[in-house]
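Here chain A shows up in two complexes: once beside chain B, once beside chain C.
This part shows the complex of A and B:
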């Protein structure tokens, strides 16, 4: 890793940590959404730095659109005052800690069980090209791919059912 | 009742202390000195500035060339060239008895020079493009309404009107409503403008005329266009004004729904070309009008129109200009903005217009190819003019320049994209605005099913062309027919423009006068 790469890495890693903390402790939902966008953008930048162009692009497309939808439908359409602030109740805090703790434990188990740093040859300089990625998705990983699309289909049908006007 | 008769709030103290005040005073001073000169010699200054820019680029390039020449290394040209490192060049130079310090070599290393020149070029191009497009929009709208439009600033047809407006906007007070969400309000214009600028990094203007040739350039461009929408949304929200919020909400709903047909219709050329790299897609259509993807199959032809309609919605042009509907929402999302921040939104809008048009040109209309691009090869072979065939690979830069101007090059790309920008302007001033429910209906119930049908049909068509020999013969017969339909369409549009230009004096209005009346 060259010096410039290291500097860029620390800038974006710092931005990621900084903005994640602000998502947690912000009280204004719109600003939290903007910090979320900054965090997701920093992840995309880190992916670009690793040479994973496709993942970075998809990260941007999906999550920027996601933040947009979050602001519009999650906040604007349910807003009562111009600055929505939220107060977290105790049971919500407990649920949050449980879910977060489980996620952290899972990530730590995965991290500590993998050899670190990766032996040379496992991680190439250039991450897989789009063509490789697509071929892998449709050959060796077809089952998770189809399951995810089935899940999305179920979500779409569910949304359509919910949005349908009631029949009399 | 007493609530109503609140006295005026105290005016906030002026912010002309500190660094921003210094900048403001500097700007005012510059204006006082500069404006008489600009007013007196606009054309001369314009020519001088362009010449200076070209000379500066040439000087940097010449410095790089000299260092490579002195170190007897070959210049890194072409796509796969690997430029020599600073250490290599310096070692070579000191072997030859020329101890050039490393800092000098570092400044002229090819990757750095290339990036700096490309970035400056992009910024300059976007600025000139936005200013030209604003002037052009005013002229086109005026002519469509049988007016003259800006006629005075700078002389010929008010050509420096946007320049003067830009100076005026920089000098204006930067108003922020007291109840606005200040940080977000100040952030929003940059969130709209910077992505529009950044997208040009990935947009190829010609073969090798691209700053970063990513293998996922198409997806990155779409992502960047989506970030711009967040700028608009946040700006409308942070203004804390009902018109702004309505505008922002409309923009978000519209873009979220039109992104889907836009993305799906873009998949059609991607499927045909088999790549997400924009320069590959454009490169696969080299060879003139009949090779362009728009005429490749009936489905690609349809997909082009679907993409164009969706792109109108994506950069909020009429008939989808609901976010800034000036007849209902004052000015929509930018109601509260003034001065330079306001102009940033407009720079972003015109840059996005060029971007979506450029994307259409690359994906469907052959990129940087002239309509007769294959003609040089054909003529060379038919008439035995061998110099014509090897023109594009020639070592002589003048040969390549000739080939670029007449057969394929960035000028062609910009020209084609500008024609599409003109179509967008033309549509804006001739079509009425839709209602938001009509916009969403036309997306979800018309465009979306149509694009999915086009995508599936195009996939089946491509498969049949590859698998069934009889069908591929049929497809190769169909594609010239569509190409001729395209020629007819372009020809009739050109004929309409020419007859309109000839008959413009028959119109009622100031267009009949041709030049401003004396004293009026």
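This part shows the complex of A and C:
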């Protein structure tokens, strides 16, 4: 079981890194969006591997089904002129890579040298059931749940107002 | 190497976050920057789920992850509305052109 878990982990971690590299170096924005789909799918698979079944399902439905479609629509609505180019100068690109690399090095040094102690007691190895998830969400986490629903209402109205063509 | 633990997921989410930041820093198309921010938020979701699985137990980590996903969806909707508005006035989504407020 542990060997299978390791193999699956490395396959999807490799896919994730591979598609992130293509997003970073790709020049065509719609191809970047398609590689983003691969990356999001790999994250969903890793969430399944972590026993977060419901989170993986939400990741597939909301991210790949929702956010990605939104991004593709955004590309189609904003990129109709063939004369607009988004070339980045080489020194700007190098500066971006240096920022990312420094961040990675700093994070790895800081996080891998932290002890991350295990809590007393046994951490369950079982995948948490969706029933537990829903009960916890509506009891212990009722306040953030309600706040998020308010936020979604505000986002819906705000996006509609922002995207509406201006009246003269 | 063969027993997957918390360290593997920490390294992976660090990589994902750094890639996201580098994408945000190197793209000039506003939608490319949005793609980079989605990578960063996915790194956070992965980290929440991994800590929930290996250190906390139960569903607390997953619930935090679900709030991150919901906020990311809201952020994408608002960001695209802003980009469409920007495109209507500037006929491009090049972020370097958005300097109307520059002093």
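Here, the second predicted complex is superposed on the first by the 114 of 168 C-alpha atoms of A that agree within 3 Å, B and C clash if a C-alpha of one lies under 4 Å from a C-alpha of the other, contacts with A are read in each partner's own complex, and residues count from 1 in each chain.
Rule of thumb we're sticking to: a contact is a pair of C-beta atoms (placed from the backbone, for glycine too) under 8 Å apart; a residue touches a chain by one contact, two chains touch by 3 or more.
Everything numeric in this text was worked out from a predicted model, so none of it was measured.
> Mind working out whether A:158 is in touch with chain B, chain C, both or neither, as first, second, both or neither?
second
> Tell me the contact category for A:23 with respect to chain B and chain C: first, second, both or neither.
In the superposition, A:23 contacts chain C only.
> Quick one: chain B or chain C, who's touching more of chain A?
C
> So in the superposed three-chain picture, is A:96 touching just chain B, just chain C, both, or none of them (first/second/both/neither)?
second
> Which partner does A:67 reach: the first (chain B), the second (chain C), both, or neither?
Touch partners of A:67: chain B and chain C.
> Answer with first, second, both or neither: which of chain B and chain C does A:45 touch in the superposed model?
Neither chain B nor chain C is touched by A:45.
> Who does A:31 touch here: chain B (first), chain C (second), both, or neither?
first
> Could you tell me if A:54 is touching chain B, chain C, both of them or neither one (first, second, both, neither)?
Touch status of A:54: both partners.
> Output the chain A positions appearing in both contact lists, the one against chain B and the one against chain C.
54, 58, 67, 71
> Residue numbers of chain C touching chain A in their complex, please.
1-4, 6-12, 14-23, 25-32, 34-36, 38-39, 42, 45-46, 49-50, 52-63, 65-67, 69-74, 76-78, 80-85, 87-88, 91-94
> Quick one: in the complex, what on chain A touches chain B?
Touch residues, chain A against chain B: 28, 30-31, 34, 37, 53-54, 56-58, 60-61, 64-65, 67-69, 71-72, 76, 82-83, 129-130.
> Using the touch rule from the top, collect the residues of chain A that touch chain C in their complex.
Those residues of chain A that touch chain C are 2-3, 5-6, 9, 13, 16-17, 20-21, 23-24, 29, 32-33, 36, 39-40, 43, 46-47, 49-52, 54-55, 58-59, 62-63, 66-67, 70-71, 73-75, 77-79, 81, 84, 86-88, 92-93, 95-97, 99-101, 103-104, 107-108, 111-112, 116, 118-119, 122-124, 128, 132-133, 136-137, 141, 144, 148, 151-152, 155-156, 158-160, 162-163, 165-166.
> Which residues of chain B touch chain A once you look at their complex with the stated criterion?
179, 181, 183-184, 187, 214-216, 219-220, 222-224, 226-227, 229-230, 233-234, 237-238, 240, 245, 249, 252-253, 255-256, 259, 276
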